[in-house]
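So that we are looking at the same thing, I have put the structure below in structure tokens.
Per-chain residue numbering starts at 1, and chain names A, B, C and D are given in the order in which the chains are listed.
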Amino acid sequence: MKVSVLGATGYAGAELLRILYNHPDAEVVHITSESHTGENISDLYPHLRGLYDMKLESMKDIEAIGSDSDFVFIGLPHGHAMEVGKALADKPVRIIDLGADYRFADTSVYEAWYHVPHTHTDAVRVYGLAELYREDIREAKIIGNAGCFTTASILALAPLAKQHLIDVNTIIVDAKSGVSGAGRSAKQPNHFPELYDNFRAYNVAKHRHTPEIEQAITDLSGETTVLNFTPHLVPMSRGILATCYASLKDGVQPELVDAAFEKLYGKEYFIRLLGRGAYPSTKNVRGSNFCDIAWHIDERTNRVIVLSVIDNLVKGAAGQAVQNFNIACGFEEKTGLDYVPMYP
Amino acid sequence: MKVSVLGATGYAGAELLRILYNHPDAEVVHITSESHTGENISDLYPHLRGLYDMKLESMKDIEAIGSDSDFVFIGLPHGHAMEVGKALADKPVRIIDLGADYRFADTSVYEAWYHVPHTHTDAVRVYGLAELYREDIREAKIIGNAGCFTTASILALAPLAKQHLIDVNTIIVDAKSGVSGAGRSAKQPNHFPELYDNFRAYNVAKHRHTPEIEQAITDLSGETTVLNFTPHLVPMSRGILATCYASLKDGVQPELVDAAFEKLYGKEYFIRLLGRGAYPSTKNVRGSNFCDIAWHIDERTNRVIVLSVIDNLVKGAAGQAVQNFNIACGFEEKTGLDYVPMYP
Amino acid sequence: MKVSVLGATGYAGAELLRILYNHPDAEVVHITSESHTGENISDLYPHLRGLYDMKLESMKDIEAIGSDSDFVFIGLPHGHAMEVGKALADKPVRIIDLGADYRFADTSVYEAWYHVPHTHTDAVRVYGLAELYREDIREAKIIGNAGCFTTASILALAPLAKQHLIDVNTIIVDAKSGVSGAGRSAKQPNHFPELYDNFRAYNVAKHRHTPEIEQAITDLSGETTVLNFTPHLVPMSRGILATCYASLKDGVQPELVDAAFEKLYGKEYFIRLLGRGAYPSTKNVRGSNFCDIAWHIDERTNRVIVLSVIDNLVKGAAGQAVQNFNIACGFEEKTGLDYVPMYP
Amino acid sequence: MKVSVLGATGYAGAELLRILYNHPDAEVVHITSESHTGENISDLYPHLRGLYDMKLESMKDIEAIGSDSDFVFIGLPHGHAMEVGKALADKPVRIIDLGADYRFADTSVYEAWYHVPHTHTDAVRVYGLAELYREDIREAKIIGNAGCFTTASILALAPLAKQHLIDVNTIIVDAKSGVSGAGRSAKQPNHFPELYDNFRAYNVAKHRHTPEIEQAITDLSGETTVLNFTPHLVPMSRGILATCYASLKDGVQPELVDAAFEKLYGKEYFIRLLGRGAYPSTKNVRGSNFCDIAWHIDERTNRVIVLSVIDNLVKGAAGQAVQNFNIACGFEEKTGLDYVPMYP
């Protein structure tokens, strides 16, 4: 399949190139950047030297790019993908957007949280969280790849929501991410000496991944869900750990919780169930598409605490995009994604 | 005042020496270590070279040490301080224990969580969290210095508990600590390459600081409190951030929350209220005795989220011990503790 | 090819498993550990869960392991591999030792620096630095895989030594390594809080990689070489940067230096020449088998400064072992090693 | 003494404020920033909250600031201090410049390396490396505070140069610095994910600290010195380690080397001689004005290797400035600087 990457110079774009390099059935035909048009990607990312000595193009002629490509991956800031989606609406090319434009079934939710009008409200698209929406992804024209925090959070909570084991309105997700999640642009708060040996929260009660998690839990549980999501910045490069709290419904026994995880994920390749009482570490999934999950039940408070870890750039972005690509192409789902996490 | 440090070779002991060096009214007369008896502390901690070239003694002759000292600081693993407390019960020397032995009013709670019998149950002692129990500390014979996670958590929640603004049984404390909190002994999980670029939780639903927080919130609110406390390990040396969640009682307006913090802490030197909507960072208090606090109100879920940061070795251990020492001696509370955090 | 890994629980052993997982022509048949015999490797290294749920065996019956295997990789401390080498001397199995036992042509040098007698002095073996000793490796029974610091250092200096452009007795190698190079065993100096935000040198003028570099430079230049090698520990997990200094011989022009690098490495896949005046970064090769090299000429002092970077666990250990394996098997050299470094 | 800090918003300026807070004989009267005029310093540096809630002023009216101050500390980029120096030439105020403008006796060297004309060539000034130029500093009008890399390097080499024990033209200084040395401005190469788990060199054979080291060694040895200086960036906040190589002159015995260090530094408070064969660590001096030094002699190559560590923001900048201030005022040299390094 011929694929193009729009916005290839962000961390997610570069990670896509890393993964696609070993994909046996994908050929990268165009990579774009408006601010670095004409430059070689390996001058911006010297780790790609000798592997991707490709020129970055402008996406101004998006139709030509669309014509050349079977799939277009979009790694642009929100607001741009819907323009691409409209421009390519009538072409056979399919789209996987790593941003937020196509993640919401109700575009008014998008507009309320992202503060821009949605201009492609009639797009036929699916939510790209592979383990939960696989069937929809197979035939989709546009896939709104799930966000990084949301992937970790939804995968942690989905079995409990789906089996109605928790009171969904008691959910609190306390999430922690490495700094690569904040993008490649230099900003003073993310300057090395500012973050090193430092830890802080940000966007409390207003992070845009909140409604995305709510949408999925509402969908899975059938109950309108409002929850708290709190992101924190960890002084490391990669990795997300989500600590998810919820009150168990009366009479829910630990074995029921165990069974819910086993039932939903027992056969999933990329979800590794560590079991009740275990502790996932971000480093155990680093560089890979795995999501490791464990859970704890506090009988004193009758709460369940679910811990999930992913690599934010892989299962939280580029890896999940390739997983969705594989599903959409009918390839084996782990094609190009079947390797060992990098430890230590 | 003549002071001695029992267990001076742990990180908290070494930090005590750092702080006491600049205390105008304290003179260190004995430092002890059973495993390094006879060695020079600056051979174990070369940063002390030229400043503390003192010999480590055994604490076998605890009575002699007690006789020489006005105050004994104890930096030993739990279970040891109560033996010291008994041995020195009849001497005028006063005790500040940085461990858990004297933190619980109800020693059966201690026994249930620490799995050892308490052998000094009739000790007259106070809980050493200075801002909340100052008056009790003034005359105390034995001060059970508050724990690191607990200091950050209790200070964050105390105003809300005391003013009855929250439902105390909805409290969830999600806490994150630098690795110095795990002590100086080398253990495989804390080996540098294992933790670097890594993040994980530990002791979910069973960390021993849980009952200590519950004890304080119960005391402050007058309501029996059971809560969730979850510790995480951050790949950094120092610092704790506690993210504390609770449901507001019906009708509690944001201004009431603001007023509760202002009322309890408005005149406290070591508590810096950053205000509603702000973000404390662990690095802003690094090396200092400050606790920076901010809070957020999520109107969608009617929860308050309080963020507090401390340096786990200072306000969470040695600094608070010196603050308690100052109170107990009648010194100005910030004596020896009035300096600028080390940033960046 | 059937391969076994002796000493699979060290970082180099685990990294071998990571790389071999994607090698199309290698099948891992035995993995051993004396201290964890009977345990599952994925219990020790949870990142391997689902990928290598293999039992660790004892190597006591080394002959059976040797009979089952076409190649044995050895990741044991020095002194052990020569025992294996003797035991398997008469079997067709071939050996790649990641330790030092088979690196020295003159075993008295080994004995002088490693302080143990060499017990397999008549072994026919080759030095496993692929780019320089490729032809010897093809048919070798025993390959003494080059060390991590030495690989970075020798590759940096080889073109200059071989072309006689430098005075070899002015060579100074100042090298810096991530902490994974110190192994997986927890030791107090490598405890997380001790190294974090810290930098130090170690083994000045006595590190065992010194004679290994000297051996290669002597061999390449034809001149007996004595040099300084100084290792340092960088607070990071992976990566080595070697800064190599030497005085240029009279009249050596910069273009001659450029040409020497181009001549020796122009066609090497795993050596990426960044050119004169450039700056390699360890992160640009992280997780990969690449060695990035740049050089600078200081006309004021008439010295050349060569900078080289590798991932110590890949090109400095497991990756180079697989590269040597490929050469020894007649496979394409980059088989199983052709992927993108992990950045950021 | 009334002191002002010009350019208070850089890391060195903020560190000056940290140190001066505890100086019993200094009162900060003005702090300036052109880009943040009118803002409160504690809004830019929240760690200063409650300690320095001072407004930043413009330095446009430098004469008024000069009139109010006994000392002016300058933390501005090179080129600015000489303008201040001229403007205040006729006032009694004394100047300590933390930048390079007043470091060179021969201003043509400054011009050649800094690429700007020197406009205050007739300034009477001294080089502010306290241990070596103490007598000159006492009465100086203008003190050109030594640079960070240069302080570590010169202190390491001075005893050997002064006693003529080394061939000065064989000197190679391989130096490593934490990232705070690069300043507070966000730049893409110093963005957190770019540097984390990464190590690299920069400015090889052209760093501006080279001629500053050469000037001092030439002065101390009486021999014109040309040397190599190579800086590297360590993924940590603070600290410099300099690894300094030189060939010993014929017949120089180890004891002579030891004696040279003892003779020059035996009575210095801020220089801690760890001795021959020891290993200084940057963390052992973190936050303090100490310089720890050790040395090794390689009898195989007849080279001496000196290792020195400082905190780049303290002994390498603000601490040394205060040390110079103390000397210039006739105060005890360690006034305000006598505290324990922050470990771990």
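Rule of thumb we're sticking to: a contact is a pair of C-beta atoms (placed from the backbone, for glycine too) under 8 Å apart; a residue touches a chain by one contact, two chains touch by 3 or more.
Chain identities (UniProt): A, B, C, D = N-acetyl-gamma-glutamyl-phosphate reductase.
Fair warning: this is a prediction, and the values are worked out from it, not measured in the lab.
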{"item": "Chains touching both subunit C and subunit D, listed by label", "value": "A, B"}
{"item": "Of all other chains, the one whose Cα centre sits farthest from subunit A", "value": "D"}
{"item": "Inter-centroid spacing, subunit D versus subunit A (mean Cα positions, whole Å)", "value": "46"}
{"item": "Interchain centroid distance [CA atoms averaged], subunit A/subunit B, Å", "value": "38"}
{"item": "Rounded Å distance, subunit B centre to subunit D centre (Cα mean)", "value": "36"}
{"item": "Interface hub residues of subunit B, defined as touching at least two other chains", "value": "11, 178, 180, 184, 193-194, 196-197, 235-238, 281, 283, 286, 344"}
{"item": "Residues of subunit D touching subunit B in the complex", "value": "11, 14, 17-18, 21-22, 45-52, 180, 184, 196-197, 237-238, 269, 272, 274, 281, 283-288, 290, 292, 338-344"}
{"item": "Residues of subunit A that touch subunit D when the two form their complex", "value": "11, 178-180, 184-188, 190-197, 235-237"}
{"item": "Interfacial residue positions of subunit C with respect to subunit D in the complex", "value": "169, 172, 174, 176, 178, 193-194, 196-202, 204-205, 226-228, 230, 232, 234-239, 241, 243, 245, 279-283, 286, 296-298, 300-301, 303, 305, 307, 309, 344"}
